[in-house]
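Each of the next two complexes has chain A plus one other chain: chain B in the first, chain C in the second.
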Partner chain A sequence: MTDIARLLQRDSFIERNARSRATALLDPGTMRELAGPFERLHSPWLARQQLVTQADDGVVVAKGLLDGAPTVVLAIEGGFQGGSMGEIGAAKIAGSLELAARDNRRGIPTQAVILFETGGVRLQEANLGLAGIAEIQSAIVDLRRYRPVIGVSAGTVGCYGGMSIAAGLCSWLVLTREARLGLNGPQVIEQEAGIGEFDARNRSLIWGLTGGEQRVATGLADACVEDDTLELRAAVARLFARGIPQRHRSERADDYLAALARADTDAQPMPADVRAIYTEGDA
Partner chain B sequence: MEQQTASRGATWLRMFTGGAPALHDWPSVQVVEAPLAGQPARWIAVVPDPANRFPRARNGEVGLVEGWQLARAVQDLIALDRDAPVKRPIVAVIDVPSQAYGRREEAFGIHQALAGAAGAYAQARLAGHPVIGLIVGLAMSGAFLAHGYQANRLIALDDPAVMVHAMGKASAARVTLRTVEALEQLAEKNPPMAYDIRNYASLGILSQVLKAANPASPGEQDLVLVRGALEAALAEIVEEPERDLASRLQGPHRAASRRVRELLETQWEAAD
Partner chain C sequence: MEKLAYTFAAGQPAQGRTVTGVVASGDLEVLLEPGSNGSTTVAVQTSVDGYGANWTALLERVLGPGTLPAARIEINDNGATPGVVRMRIEQAFEEVRLP
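Moving on, here comes the complex of A and B:
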């Protein structure tokens, strides 16, 4: 098959909205949405600031089966307020992960997938977004003791801010080439530290340092897949089959401290420098 | 190591630990063992290191090395107390101006370093270590998520220099397409957007706000006041059967957080 033909046949995951993404990950006919749009969970804080709200606050909670196993998919809608986390969206994710952990304590092995498409805290709800993200992080650490929590960032928003820390707590991470994963967005770094530190218009540098391919090549994520729904679903299923990692990435402090001690911090690193540091030794 | 810039975090840490030596020779992450309520506890603070190898992490920011050192300090304690019937408490003394904003940081994955720290604190809490966060200065954004936000209890000093927020004012204004003045006006009517500790306290996330006489250079009375609050928090925590963060959901401004959880719980099993 030619590249063009393959491209035309591809079922893009990126082009799907959050609800469609969640449905596509679960076994056909098993998806049930919880705390859905008919509950009219509009952000009270956006409304007070005369900003547009959405009846699901930009997060879809989908319960169902994945290859027959009980699974909850938490899908962030990057198209609403940049996927930012407000009080309601964060409570939907944290509350669902808490119930999944409770299931496991009761003998039901519920597992979770989080679809990260987010700039982090919704600044219009600042401190409640930050608190909600701390609760999401707590719930991931609780649940991952029993079953893997798999993070996916497909693009095009990427995964930033406090939610990138949540992604760093996941058992396994799946990215596409279009995805970016990092704490501070290039614009914020440029604002805080100047254009000499980070040129937010330099797209090749941004993807070179924080894109899906680089993150997988440096061990900061586990799989880089094409923007193809079946391929992405297969990667998620494969990682669930691997079970809980012997040591979560967030538990590897010694490896990362050893690697960082080798880094030359006088110069600004290029993508190849990071690969060299992180593929030498254990980290 | 004596720092030129005596940060609030460093000052309070020294007061509580009576100058006991740090457990590591880490300049920016100070870990000290000293008693709380008559039993050994770990006290941890992130402090400025003007000679930091990472130039964007010289003013007390939580950077790559700080994140992983916090993780290491907390993991070490979990391992030490694995078989102990009583787990040592951890007090995170919080005065963190921000996470480190820089190209090196993004290149080497600062998000993963902060996940190391946040994850270790959460694991300590779940393992039964009482974790208390004491906010004596700034508690900003990713730095706060990494150092303190996973605590069983959060206590703050009532002082204009004590602030909690998700982003500095200038950047927050740019991202939300507003002027700093407009942002400040909006914050007056929207408690979650405010920077000051009294508005933050109205969210119900803090267990206590304390009025110290001299928050920048505490005296003996301040020490007695805060130590008393830490001991009371410790006594509460050890009585609790669950070591989750549910106690933060009771505030009047968190009605939506409670409503969402109620809905999810009702619909969870019905969905099977």
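Moving on, here comes the complex of A and C:
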């Protein structure tokens, strides 16, 4: 098959909006939206700052089945305010994860998928957004004891800031080549540390160090898939079937820190150097 | 940001509700619910000020004839062009008509 034919036949996941992504991950006809747009949970803070609000505050909570198993999908809409986490959107995610954990304690093995398409906290909502992200993080750690919490970042926004920490807490993480994962975005690093440290216009450097392929090669994510809805759904189902990891990635933080402490920071590391640092002795 | 409100004559109440679009750059979100018999209301929230006349002209063209089902419409706009606005509204009416 030619590249063009493949491109035309492919069912892109990236091109879908959050609601459509959530629907596509769940078994056909099982998707039920909770706290949806007609509940009109607009951000109370954006309007006061003369910004247009979205009726679901940029987060879709979808309950349904994935290969027959009870699943909640939390899809962040990257198009609305850069997928930023405000008070309402963050509360929707944290509350859903908490209810999923409660399901498990009551004998219903509800599992969760979070679709990260976010620059992190919504600056206009400041501490309320940050507090919401902290709640999401503790809810992930609670739920992952019972069933895997799978993070997905397809692109094109990627996953940054406090929400990149939430992604790091997930049991398994799925990325595409277009996705990027990092604590600080390229422009923030350049602004704070100078262009010598990081050139935010150098796209091959950005994707080389923080892109999906590199993150999987360094063990910070578990699967790098094509931008194809069926392929992505299959990867998520495969990871759910693997169950809870023996050791969560976040429980290996000391190993990662030790590996980073051994790294030479005088020279600009290239993608291959970073892979070596992270896989040394399988950190 | 500007808020606008409109009322138009319409037919029978729409069957069902739907949401189309996203408040992304150059796009808008249209929430459509069944309206009260014979009238459609539109509440617009737009990021671009001073385009009231364009909104009036566009909504008049789509809803003015009064042939569409009665609906309660909420529009959250982030700088969509008139063509995009019209397509999102028509998409919403099309979706509630589907079985």
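The working rule: the second predicted complex is superposed on the first by the 279 of 283 C-alpha atoms of A that agree within 3 Å, B and C clash if a C-alpha of one lies under 4 Å from a C-alpha of the other, contacts with A are read in each partner's own complex, and residues count from 1 in each chain.
The criterion applied here is as follows: a contact is a pair of C-beta atoms (placed from the backbone, for glycine too) under 8 Å apart; a residue touches a chain by one contact, two chains touch by 3 or more.
Just so you know, these numbers come straight off a predicted model, no measurement behind them.
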### Message
I'd like to know which partner A:38 touches here: chain B for first, chain C for second, both or neither.
### Response
second
### Query
Regarding the shared-chain residue A:256, is it in contact with chain B (first), chain C (second), both, or neither?
first
#### Entry: First (chain B), second (chain C), both or neither touched by A:77
second
#### Entry: First, second, both or neither for A:47, with chain B first and chain C second
second
### Message
Tell me which touches more residues of chain A here: chain C or chain B.
### Response
B
### Task
Within their complex, state which residues of chain A touch chain B.
32, 34-35, 39, 41, 43-45, 48-49, 61, 63, 70, 87-88, 90-92, 95-96, 98-99, 120-121, 123-135, 137-138, 141-142, 145, 161-162, 164-169, 181-184, 187-189, 191-193, 197-198, 209-210, 215, 218, 220, 248-254, 256-257, 260, 263, 265, 268-269, 271, 273-274, 277-278
#### Entry: chain C partner contacts - residues on chain A that touch it in the complex
17-19, 36-38, 47, 50-55, 58, 77, 79-81
### Query
Within the complex, which stretch of chain B touches chain A?
53-56, 64-65, 68-69, 71-72, 75, 98-99, 101-116, 118-120, 122-123, 125-126, 141-142, 144-146, 149-150, 164-168, 170-172, 174-176, 186, 189-194, 200, 203, 205, 244-245, 248, 253-257, 259-261, 263-265, 267-268, 271-272
### Residues of chain C that touch chain A when the two form their complex
1, 17, 19, 22-25, 27, 29, 31, 33, 45-47, 74, 76-78
